[in-house]
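Down below are the structures I want you to see.
Each of the two complexes below includes chain A, the first together with chain B, the second together with chain C.
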Partner chain A sequence: MLETFNFRVILEYMPLFLRCFWATLWLSGAGLLGALVVGTLACGMRIGRFTLLSWAAGAYIESIRSTPLLVQLFFFYFGLPSLGIRMSEAATGILALTLNSGAYMAEIIRAGIQSIPHGQVEAAVSSGLNYLQRMRHIILPQAIGVTLPPLLGQAIVLVKDSALLSLISLPELTRAGQIMTSERFMPAEGFLTSALFYLLIYYSLKALTHWSQKRLIYMQT
Partner chain B sequence: MWLFYIEQLLGSLPFFLKGLWMTIAVSGLSLLAGTLVGFLWGILRASRSRLLKPLIGAWVDLVRGTPFLVQVFIIFFILPEFGIHLEAFAAAVIALTNLAACFICEIVAAGIESVPPGQREAAASTGLSGLQQLRYVILPQALRVSLPPLVGQYVLLIKDSSVVSAIGVVDVTRVGWLTVQRVPQGLLVFGLVALLYFIICYPLIRLSNRLENRMSAGYTRSRD
Partner chain C sequence: MIEFKEVHKWFGELHVLKGITLKVAPAEVLVVCGPSGSGKSTLIRCINRLEPIQKGELIVDGMRVHESKTHMTKLRAEIGFVFQQFNLYPHMTALQNVTLAPIKVRRIARKQAEEEGRRVLAKVGLGDKLHQYPAQLSGGQQQRVAIARGLCMKPKIMLFDEPTSALDPEMINEVLEVMRNLAREGMTMIVVTHEMGFAREVSHRVAFMDFGELIEIAPPEEFFARPRSERTRLFLSKILTH
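Our next item is the complex of A and B:
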């Protein structure tokens, strides 16, 4: 099979792959942004003082973490129309990615905030810093150091998860491989090219994680 | 109207349970095999082997860097071109086993590396062989660190098993997809599917959390 590996066809399909690569990037970028917002909100509700909100956020986080993303995706894809809500595939995909990753983000942010010893806050209060100053100078610099590596890890997971959007026929990287398989019956060329593009994203994000880890530990000491 | 659909859904409940059984079979087999392979790779990865260590590391990176769906497609569509014909079930188990092994390998290697080197030196100086050191000194201590993330990883893998429905394995996700063509109530159908996953995964997540609390009991770090 390797002697028939057809690079010419890959070149022919390259514009499709580049377009789909871009689609994967913006779909997961949008999902990541949404997940940060949802995650921060859910985390705030979870550790807040209102029992009802805390319980609701807990139920959201646990139910997302206990069910597969694919089932959540189908739930929205097939479920929203039966409620009379019509959304494009892209919007449905981003919604599923956002809600799914948001639950994990909430846990990551919570771990980051709770990793700051309470004595730090007390010390800041007693040296007369107000809430914003405490956040700006004491809590956030330390919390970001703890949070950023797992956050980037979640970004990697998100990019890989976006492959499932191909199953609701969104044109992204995995879909490009499927298209090449169905049009030319060249699954090896198609899916290995998709994999290569995913690896490109993976290694960049991994390098960024290493860099941030080194940099932030340096800042802490 | 809703009642009618619920009744229809309850009628196809045996179908769902069959799918659930398939999900349990695929993930059970893969987790078992993946744990064995993962432990082996993890031990080799934490060893001083100059050849195996980077080799396993590179393979783990490749598997962790690509979506599971793409891996499933590669195994299902490309292995036949090498003359290996696989049914969807076998391809699914192979793909999930490999994924499990790669993640478990990392967890085990991290656990072994968390054991202070003095322990191995002490074990060696009391005359234990390499295998005995591993069996009686290193692994019991490594397991304490590895067990909570291992159970957490199992949950992720059971959820990942839903992806194999894309190559036609009739697991519970696939049953949902087939049912929704007949009963056009996506919320109900996939709500039921989600519930079935929840019943399996939620207790495991709780177990992982409890293990984490129990296992770290000896290592309490003061909060401030």
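Our next item is the complex of A and C:
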């Protein structure tokens, strides 16, 4: 079997893979950043005191979680232009990843925040800290410690989901495998190489969490 | 300093405070005792509106706490609150715990706040624990940090909600000692506790609550020697002989 596996062609296509690896990195990175911002905001609205905002955030979270990412992506890519809203492929891809992952992150952050004992809030309220100060200095720093592992899990899902962006012809890792397959008909070499690059990202993210968790050891009370 | 006028509070159907009328003078130390569920914790939690009241008037340091339009943040800065479970911030060192509110609420410069934090932590006997996290401290030490956290705001009133109930017996005294010193310095204090030795020695008046009512309030000599109500007598006989 290995006789037919062509390493030389992989080397030949390496520049393409590296370019596409970079594309996956920055598309996912931008999506992740956006998802963290959107997720934090949506979570804040969801658990906040304003009913209307809470309802809107709930509707957003529910509708994203109940529909496939592929449908959302196609809606942004084909649907929005038909409504007169035009964006580049990259912007469409990042938007889809951001909104999709943001909904899941909102729920993860909410679980983290609600895991903080109520006594923490009472202590902060008693010393005169206002809502934003309590969030910023008491709740979020503790919630981050609890939510880091599930957030990392969601980040990994996001990176893997970015493979769907190949369907809107963004040159990212999965697309690189497709290109190699269609030009040379070498699907084993092509997609295995894509997979190895995904593995690399996965292990980097895992190492990052491990490192940050060691810095959060004091949370183990 | 603190005035309750016919204060009522309900938790849903449950009537937890039934028309409390009570006045606490500046520099007074009031101990509140009573069986669990009698409403004594709720009583002091109303003072900084951790619990809102539904009926009556509650005036603290000239501010009308019972009116929902009263802005509480400013008043809360003037009231230190010590919890049974300490509620220290686990992600901050002792010094960070005591300086957070002075820096963020009082807007004191960090350096100055830290100087004051060091001084107060030294005063409660923790000058060598400034950079320890709560998890690294014993219960008694944690509760002393919690008291220091209140004191660093230079409050006018300190409220204690069963401050020694979660402590191992050998640590109770180190916390009471800090509170004794505080009382001697003329702090206005309301202490919910079953430490009758502390009540006898330090307080100006002792109040007994049962079923949401203030049954009896008297100076400690009188309260312990000649309790007027049968319920007070029964309660005292139970906790003093246990």
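Just so we're on the same page, the second predicted complex is superposed on the first by the 192 of 221 C-alpha atoms of A that agree within 3 Å, B and C clash if a C-alpha of one lies under 4 Å from a C-alpha of the other, contacts with A are read in each partner's own complex, and residues count from 1 in each chain.
Here, contacts are C-beta pairs under 8 Å (C-beta built on N, C-alpha and C of every residue); 3 or more make two chains touch, one makes a residue touch a chain.
Please read these numbers as outputs of a predicted model, since none were measured by experiment.
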| field | When both partners are placed on the shared chain, which of chain B and chain C touches more of chain A | value | B
| task | Go through the superposed model and pick first if A:Q142 touches only chain B, second if only chain C, both, or neither. | result | second
| request: State whether A:V37 touches chain B only (first), chain C only (second), both chains, or neither. | output: neither
| request: Applying the touch criterion given at the start, work out whether A:L80 contacts chain B, chain C, both or neither, answering first, second, both or neither. | output: first
| said: Just to be sure I read the superposition right, which of the two partners does A:A207 touch: chain B = first, chain C = second, or both, or neither? | reply: neither
| Partner chain(s) touched by A:M14 [first = chain B, second = chain C, both, neither] | neither
| query | In the superposed arrangement, does A:S126 touch chain B (first), chain C (second), both or neither? | reply | second
| said: Applying the document's definition of touch, where does A:A91 land relative to chain B and chain C: first, second, both, or neither? | reply: neither
| task | Residue by residue on chain A, keep only those touching chain B in one complex and chain C in the other, then list them. | result | 117, 119-120
| query | Given the complex with chain A, which residues does chain B contribute to the contact? | reply | 61-62, 64-70, 73-74, 77-78, 81-82, 155, 159-163, 165-166, 173, 176-177, 180, 184-187, 189-191, 193-194, 197-198, 201-202, 205, 223-224
| task | Show which residues of chain A lie in contact with chain B when the two form their complex. | result | 1, 62-63, 65-72, 74-75, 77-83, 117-120, 156, 160-164, 166-167, 174, 177-178, 181, 187-188, 191-192, 194-195, 198-199, 202-203, 206
| request: Note which residues of chain C are touching chain A in the complex, please. | output: 48, 50, 73-74, 76-77, 79-81, 83, 85, 87-91, 100-101, 104-105, 133-135, 146, 149-150, 153
| field | Contact set on chain A toward chain C in their complex | value | 117, 119-120, 122-130, 133, 137-138, 141-142, 145, 218-221
